[in-house]
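Several structures are given next for inspection.
Each of the next two complexes has chain A plus one other chain: chain B in the first, chain C in the second.
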Partner chain A sequence: MIGRLGLVAAGAAVVAAPFAASTYHVLLMLPFMAYGVVLLGLNLLFGYTGLVSFGHALFIGIGAYTGAFLTSTFGVRSLEAIVVTAAGLGAVVAAPVAALCVRYVKIYFGMLTLAFGMVFYTFVLKFYRLTGGDEGLPYLRPSLLGFGLEGMSKTDYLTGPYYYYSLIVLAVAAVVMWRIVHSPFGLCLKTIRDNPAKAETLGIGVGRYRWYAFVISAVYASVGGALLGAPIGNVDPTLAYWTHSGNIVFMTLLGGFASFFGPILGAFVYIYLEDFLKSLAPSSWRLIFGALLAAVVILAPGGLMGLVRAARRGASPRPHDPARA
Partner chain B sequence: MILRAEGVRKFYGEFCALDGVSLTIHAGQFVSIIGPNGAGKSTLINVLTGRLRPSAGRVWLKDRDVTGLGPVRLARLGLARSFQLVQIFPDLTVLETLQAAVVSRLGRGTRLFASLARDRVVTDAALEVAELFGLADKHHTPSRQLPQGDKKLLDVASAFALRPEIILLDEPTSGVSTADKTAIMEILVSAGRRIGLQAIILVEHDMDIVFAYSDRIIALHQGTVLADATPAEIQADARVVDAVIGRKAAP
Partner chain C sequence: MTEHVVRVLLSGVFHASILFLVSAGLQVVFGVQKIFNLACGSFYALGAYVGVWAVQMYAAAGGPPAFFIVPLVLGGLLVGLVGVVVERGLLRFVYDRDETFQLLLTFALVLMLEDAIRLTWGTSPLSTGGMYLVYGQAHILGAAVPVYNLVVIAAGLAIAVGIGALLTRTAFGRIVRAAADQREMTEALGVDMRRLYALVFTLGTVLGTLGGALVIPATAAMSEMGIELIVEAFAVVVIGGLGSMRGALVGALVVGVLRSIAISVYPELEMLLIYLIVIAVLVLRPRGLFGAAATAT
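So, the complex of A and B:
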């Protein structure tokens, strides 16, 4: 109940933000929502299937470059078309990558995803004529639901229509993911996370389910990447670099991978905290950030959601169900 | 005939763990496999359940050659197992564990967008098994919080939820107090009758349980079948008593 109220309050705050918050802070919400979509997918793999990928920036890159190619090379400006194409391309690339990666677990899986991510990064960096190399490609302003919105200033466009478009994509992505993790399929993923050998004796084909989870997570990351690129206006290889893969794992840990909304909370806190630390300590913010990650892992392995739950359990007269919300 | 192994040999490098084991399990039988440590029981189970491919020999489930087929496909073909070291899904509740087995049996695991909570067929079947195993009042308890005896029961119950034709129980009462052992065995046998199980293979060290429940006993020794007979015959067989059961302690 408290969880539901918190969700409604958070949703209302996000809807109201463009009217209440400063333009600067509203603009920071755009990467938050894009990462929210990425992390919903990443956590299907991480929190629900037990596989930690260090290569999902690959799919963020695919989504962002899809947007850049379609808008600047092919003249396709519709964000709906971009999102659908990004999702499709993400799935096409993920299918063989997943087939190879899911044969391994733990650090071997992580390293293999990292390797694929590096291959893609090198590809976009070196194929200058196709991708613009380190300069990247422009991601022109996409049209939303057929409206070009060319007359608007960039800020008005981003804090108005684009903001709500992103919010709707995030909301739809969350509803779909909520259904997936609460489906019979989602249950099978959890059995694999908890005990793959036992899952097999129950007739659950571990490799096949891991593959599905990987491909779905890649589709989410690609859609998130398509949303992430547009506000920047230019897509370059750093989006696909392995540290970017690390950042999204950090966001997940920060928010708490054991909870459905944990990673989204993690993305929110990450983005605003990074911004705050950058202005506070422009040269040493990474140091503080790193120390913070270490502190989270050591002191609060359940992430911020874990802390929220612990606090609620302490306050609640019935110390069970909130953890299962 | 439900399950048959013929001339099964298994080498680990130079070491011969199984040296030509043949056995046949018929419908309606409760068969125990006994033997001292190192006799090859674990290897035999792993071959029978498809986890290990034998170096030589074949295994049939009904009319089908299932040699080395792997646990996933064998589970779908009607052969289930439980483990000596209890295997549970620590973060899943009792109900979720049983639901997973039912989902697998009904082939509903690829229903991506269906609501598990609203799937009455799956939930009812899971609750029915929970009831059989006396776990119904704990169905919302996370498995890791169950007492050891209940973890064992849940491991076996999830195998039963597959509604197999034959089940292989690897020391289902190990690590459980003597008082609870009989209770667990009674639950297993009556649940087996309820779900129409055709045969039970039990691997067990506790001879009281072996002799109380078995229709037939297969004694393994150094990778071969030393004896395959009724409990009465086994008890009368000096070789088996000597090699497997051990001499009775002086009164």
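So, the complex of A and C:
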């Protein structure tokens, strides 16, 4: 009950933000919503299937570069077309990558995803003529639902139509993901996470289900990448670098991978905390972030949601291990 | 033609020597503690900065240039002791956790060390100046090669032989190998695991920082050098096989020499080629060339 009230309050706050909050903070909501979509997908793999990818920045990169290519090379400005193409390309790339990766678990799965991520990164970095190399490609202002909105100033565009467009994409993504994880399919994934051998004897095709989860998560990451690129206006290879993959895993852990909304909370806290620390301590914000991550890993592996739950239960926060959850 | 080939190969072997040191550190820690240490690249960067700093102090104090290698190596070795602090202060809390958390903890170290280096030495690249060519150039089959490179290659080989002897011929090595194979049994036989883990992690760290110190006369120290090297070291251990020392040596040679050839023939391919090999190895032979059986599923 309290959880549902909290969700409604958070939703109302996000809808009202462009009218109440400063432009600066409203602009920060855009990467938050884009990462929210990415993390919903990543957590299907991490929290629900028990596979930790260190290469999902690959799909963020695919989504962002799709937007950049379509708007600046092919003259396609419709964001609907960009999102659909990004999702399709994400799935096409993920299909063979997932087929190879899901043959392994744990550290080998992580290493293989990292290697694929770095293949994409080096490709966009080195093939300068196609991708603009380290300077990247411009991501021109996309039109929304057929409206060009060229007359608006960039800030008005981003804090108005683009903001609500991102919010709707995030909401739809969340509803779809909610249905996925609460379906029989989602239950199968959890069974695979907790006991793959048992899942196999129950007749669940473990490899096939892991493959589905991987491809769905890649589609989410690509859509999130397409949303992430437009407000920046330029897409460069660092989006696909391995540290970016590490950061999104960090966000998931920070919010709490064991909870459906945990990763979204993690993205929110990460984005605002990063911004706050960057202005407070420009040269040592990574140090503080690293210490925070270490503290979460050692003291509160359940993340913020884990702490909230523990507090509500009145018990002291207890480490929560996904392998034994 | 031979001149060009020799130069490309030797530059590849030089890079391989450095890569071997860092990868050997990664391997020994993975072998015993089963932790894939993403921060080994950051230790390498730390060693590089301390190396530059030590050499600059030495030069400022008026030490003879010919012996600059002494403060360089000493600095690289001593800063490796930070490994004890990291192991006792952070890693020991997560040994019984899922490996995801162990991996993320070393990622936290990457973030912390990167800023710690920036805060201490600033953001502009540092170099040791003219020390690189103090020993002059050697001419091998017509190719001019800095003697320093040959010294590092020899040092890399000597350390490889030394680690091999340490692991196979000493009591400590037997304990390390036993702990890597059968942790519980080794502990039951009365080996103090806390001490062993601290020692092994420190050994791994020292190998990384020494690698960083040795590379530094040939290049400049930059704060991103750590996160760039870790992905190469990662390729080395995957190709060679996780946890295997022989694998680290062969993997380092493969990655170092191929990279050097790719740069001279078709630069766009450089790391792309390495990662494609990594994927091929992971898919076809996940245990690598020399590794123990991988855990599939």
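Basically, the second predicted complex is superposed on the first by the 314 of 325 C-alpha atoms of A that agree within 3 Å, B and C clash if a C-alpha of one lies under 4 Å from a C-alpha of the other, contacts with A are read in each partner's own complex, and residues count from 1 in each chain.
Here is the rule we use: a residue touches a chain if its C-beta (ideal position, glycine included) is under 8 Å from a C-beta of that chain, and two chains touch if they have at least 3 such contacts.
This structure is a prediction, so every number in the text was calculated from the model and none was measured.
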Exercise. Thinking of the overlay built on chain A, is A:Val124 touched by chain B (first), by chain C (second), by both, or by neither?
Worked result: neither
Problem set entry | Touching partner for A:Pro301 - first (chain B), second (chain C), both, neither | second
For this session: Applying the touch criterion given at the start, work out whether A:Leu287 contacts chain B, chain C, both or neither, answering first, second, both or neither.
Result: second
Exercise. A:Phe185 contacts which: chain B (first), chain C (second), both, neither?
Worked result: first
For this session: Based on the superposed arrangement, let me know which partner A:Ala213 touches: chain B (first), chain C (second), both, or neither?
Result: neither
Exercise. With the two structures laid over each other on chain A, which partner does A:Thr201 touch: chain B (first), chain C (second), both, or neither?
Worked result: first
Exercise. What is the contact status of A:Ala64 with respect to chain B (first) and chain C (second): first, second, both, or neither?
Worked result: neither
Problem set entry | Most chain A residues touched (candidates chain B, chain C) | C
Problem set entry | chain B/chain C common contact set on chain A | 206
Exercise. Chain B touches which residues of chain A in the complex?
Worked result: 176, 179-180, 182-188, 190-191, 193-195, 197-206, 209, 212, 320
For this session: Please give the residue numbers of chain C that touch chain A in the complex, ascending.
Result: 36, 38, 90, 93-94, 97-101, 103-105, 107-116, 118-119, 227, 231, 234-235, 238, 242, 267-272, 275-276, 278-279, 282-283, 286, 294-297
Seminar exercise, completed: Listed in rising order, the residues of chain B that touch chain A in the complex are 49, 70-73, 75-76, 80-81, 83, 87-92, 96-97, 99-101, 103-105, 108-117, 119, 122, 140, 155, 158-159, 162
Problem set entry | chain C contact footprint on chain A (complex, rising order) | 46, 52, 54, 100, 103-108, 110-112, 114-116, 118-119, 122-123, 126-127, 196, 206, 242-243, 246, 249-250, 253, 283-287, 289-291, 293-294, 297-298, 301, 319, 321-323
